[in-house]
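There are two complexes below, and they share chain A, which is joined by chain B in the first and by chain C in the second.
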Partner chain A sequence: MRKFLPVAALARDERFTQVSMAERMSDPRSTRPGPGEDQRRRPNRLTPARRDAVDAARSLMHGIFVGEVQALEGAGRTCWDFETGTEVPFALKLDMARQAWDEARHVEISCKLADYMGTEIGEFSENTVLFEAACSHDPVLRLAGVNRALEGLAIDVFTTMKEFGELAGDPYLEFCEDWMLADEVTHVKMGSDWLRRITDGDPARRDQALEFQSVVDKLFSYGGVRSDSDQSPIGLARRFRELAGFTDDEIDHVAELSLSALNETTEKKASLRSQAAAAIVGADRS
Partner chain B sequence: MADPRKPRAPFAPWDRRELPGAFDVEESARRIGHYKWIEMRLFEALGGWVATVPELDVKMRLGTHCYHHAWHAELWHKRLPELREMNPDRRTVPPNEHLSAFVEALTEPEAPEQTIEKLVGVYRVLIPHTIAAYTYHLNNSSTITDAPTIRSLRLALQDEFDDWRDGEMLIESLLETDAEIERAAAHQVRLEKLMRAAGGIAGPGSIGFGLEG
Partner chain C sequence: MTVTVLPAEYHFVKFDSSVVSALVEDLLDRLAMSGRDVVIEIDETTPLTRAELTSTAPVTLKVESGAYEEPKAPRTVSEANVLNVTGRLLLRVRDREQGGFADAPADAELSLPQTVAWDVYSTGRLQRLGVTVQRQRWLYHFRNRHGFTDDADAAFDRLWSADRLTWAELSALSEATVASSAA
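Let's turn to the complex of A and B:
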């Protein structure tokens, strides 16, 4: 078995269809509000009150499921790809093995929850950006990209889903999300601790890792899906991020990135609407 | 209630533990260093394979078992300094080059069509040999002087038995044709020969045989 498995070699059964992030997010059943619902600024937080709440929640749960599969694969690959002692400490590998077990349980939980919500495996497509972040040849970048950025996003997602369960009066969903949330806080904490330990005395490497984390954070704020703004379907779980070792400044940085992604999308949509309106006026005149 | 000042035997009538054991401190450390080495190779391989198997149930089992073996490696890592080995890495080695060759062959399969080979190597060859070596060690250790090793062996063995059963059931569920049964058997034979050359996971004498050379 080779070291550093390319994304294209990820093994899947025939139910899975892999698409780009843009294609995945353009699925009208996703948590992003549909074309008819985002014409004005208004709350889009994923709550049972949303008209499309059922499909959006099912879509998000399927996204959690494939994300957990990839997180499991990423943690497993970190156990294999690096030499103990020369490339990563033994204790880091033990943490990654522990994470693999946790992610395996999360796949089990999300399979059962998806089934409970009336979703079949493969009903929604998969994008593999999470695993791509886990393909870096530098273990520190993996920690930054996966444990800090993506597992950080998982904290936000699970918090939103837990609140969704609370609001919907669904203790089953709330219970499961709360357990997964506890694991994710642990994973982010692992990432925060290892990042600081490995880059201790090497500020350039730490900066590079944090920069990579920012890139992944922005990528996963895709179009402002996650931010402090209630226009985003998923909120930023500040309290749990603190528990996971994020400093206030780091949380503010993620908040800024996310808000900037949301604003970019809002501006882009406004511009497209103006162009479309102008085109319609032009067509009427001619 | 019995008189608290009345002398009692240090060992109750039902406590049959004895002092003698087959392994001195040095031999116990040697074996444990080899156990740590093979458990590390195993958890790394299981972790690496997760992304290469398309079967979702197998993927999740490998992820779970990956941690079990990492935890065993940690148990052995922590035991070594207690056996006067202050540099555990020095002992974290294969017993001979034959076991390294075995691990090379074990971890060779990568393609998504080779789940049978991956599982057979682990659950029909390596884990049974691990159970055998741990059982031999357990049954030959002093139940008093080496009680900490015995405790770790028992904890590890419980996982090994559970994982072996999981793995065997997965293999049986995947073998649908005669050709697949032959593939599984051929791979098992190939690895078994390499393991035999190594003498077991701790080298010759892993289960008490083969020491005479």
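Let's turn to the complex of A and C:
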């Protein structure tokens, strides 16, 4: 079996459509006003009070489903890609195997939840950035990128969806998200513990892993979709991150990165909108 | 009948006004509204999904680009969404003029449960006209606004299968279902 599978080789049937992060970020449209734009600021957090809340929740549920598929693929690859003993301890692989088991269950739960919410598999495009973070050839970087950053994002997403289910009075959504959230906290804790154990006595490697995690955390903020700001649909689940082994400083760091991603995207979108508006004026004159 | 879709040229999205126009002309035929002139103003600067009726003479719809967008392929148009979103708004026009909805509040005055109840009533009729719709999606919408109960599911079935309701019947059913779920 091939080691270090590239994202292009992921097994997907004809129902799935993949859209790259670059394509997503090149969309000049934005729900948020840019700096200096005369538009009233409004909260954007995903709650049932939003008129578009139900379809936004359906879209997010599909994102969770494909995220779980990629998390399963990532954890499974970590069991296979590295040599036991020389590259990673057996106990780490055992944890990754347990995680793959959890993720497989999450795929089934997400699939059934999506069906219950009226969403078909492949109805929305798939963003493969999650698996891309799981392609590192260094197991420590992979733990930082997948277990700490990716699974950390999962904690934030599940907390938002659990609260959505609670507010909407949807017992299935609330219950399922709560159970999956408990697993995600464990996955992040495993990543935190293994990162410290493997890099014990090697501060340079630990710093490199944490730097990689920062890059992935910023990437996984999806241009501000997740942050402490109420302009982001998904909030930062500070309490559950604490339970997963994040220190207060680490949580504050993720919050700063997310807010920075939100601000950068707002400015970039405003610039893209200005360019498109200029093109419209040019077309009208010609 | 004329269908005008604006703008003629797009810079933020990859829509084609002639495609939207052809779909809406076909829809007007199916709804027995082929005598109506329709203007659709697409706001291509936002990916949000709001669509609203701003005038009835001619029928004028203001649609944010996300409402017509293909979720599999961002910034491209979805035929299914054009038919569903426009169909629901056109049925509201027809209901208000012909179907016992003269006393219904203006769209902006409708509560979320009332809006969803009317949308369910409209989408069920669109399905019987041959438009591809997502029944389970609308059941989930309805449950979110009327409660996750057997009573809510029964009310949904009644709205979905109805062909001639009045505003008084629809609003009473919605109100009773919300009250029953809250009890």
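Throughout what follows, the second predicted complex is superposed on the first by the 249 of 286 C-alpha atoms of A that agree within 3 Å, B and C clash if a C-alpha of one lies under 4 Å from a C-alpha of the other, contacts with A are read in each partner's own complex, and residues count from 1 in each chain.
In this section, contacts are C-beta pairs under 8 Å (C-beta built on N, C-alpha and C of every residue); 3 or more make two chains touch, one makes a residue touch a chain.
Just so it is clear, the model here is predicted, and its values are computed rather than measured.
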Partner chain in contact with A:119 - chain B first, chain C second, else both or neither: second
First (chain B), second (chain C), both or neither touched by A:10: first
Contacts of A:27 with chain B and chain C, given as first, second, both or neither: second
Chain A-touching residues of chain B, taken from the complex the two chains share: 40, 43-56, 59-64, 66-71, 73-74, 77, 89, 107-110, 112
Footprint of chain B on chain A - complex, ascending: 1-2, 5, 9-13, 69, 72-81, 84-85, 90, 93-94, 96-98, 100-101, 103-105, 107-108, 111, 121, 131
Residue numbers on chain A that touch chain C, as the complex places them: 17, 19, 23-24, 27-31, 48, 51-55, 58-59, 115-120, 122-125, 168-172, 273, 276-277, 279-280, 283
Residue numbers on chain C that touch chain A, as the complex places them: 9, 11-13, 44-50, 65, 71-75, 112, 115, 134-141, 143-144, 147-148, 181
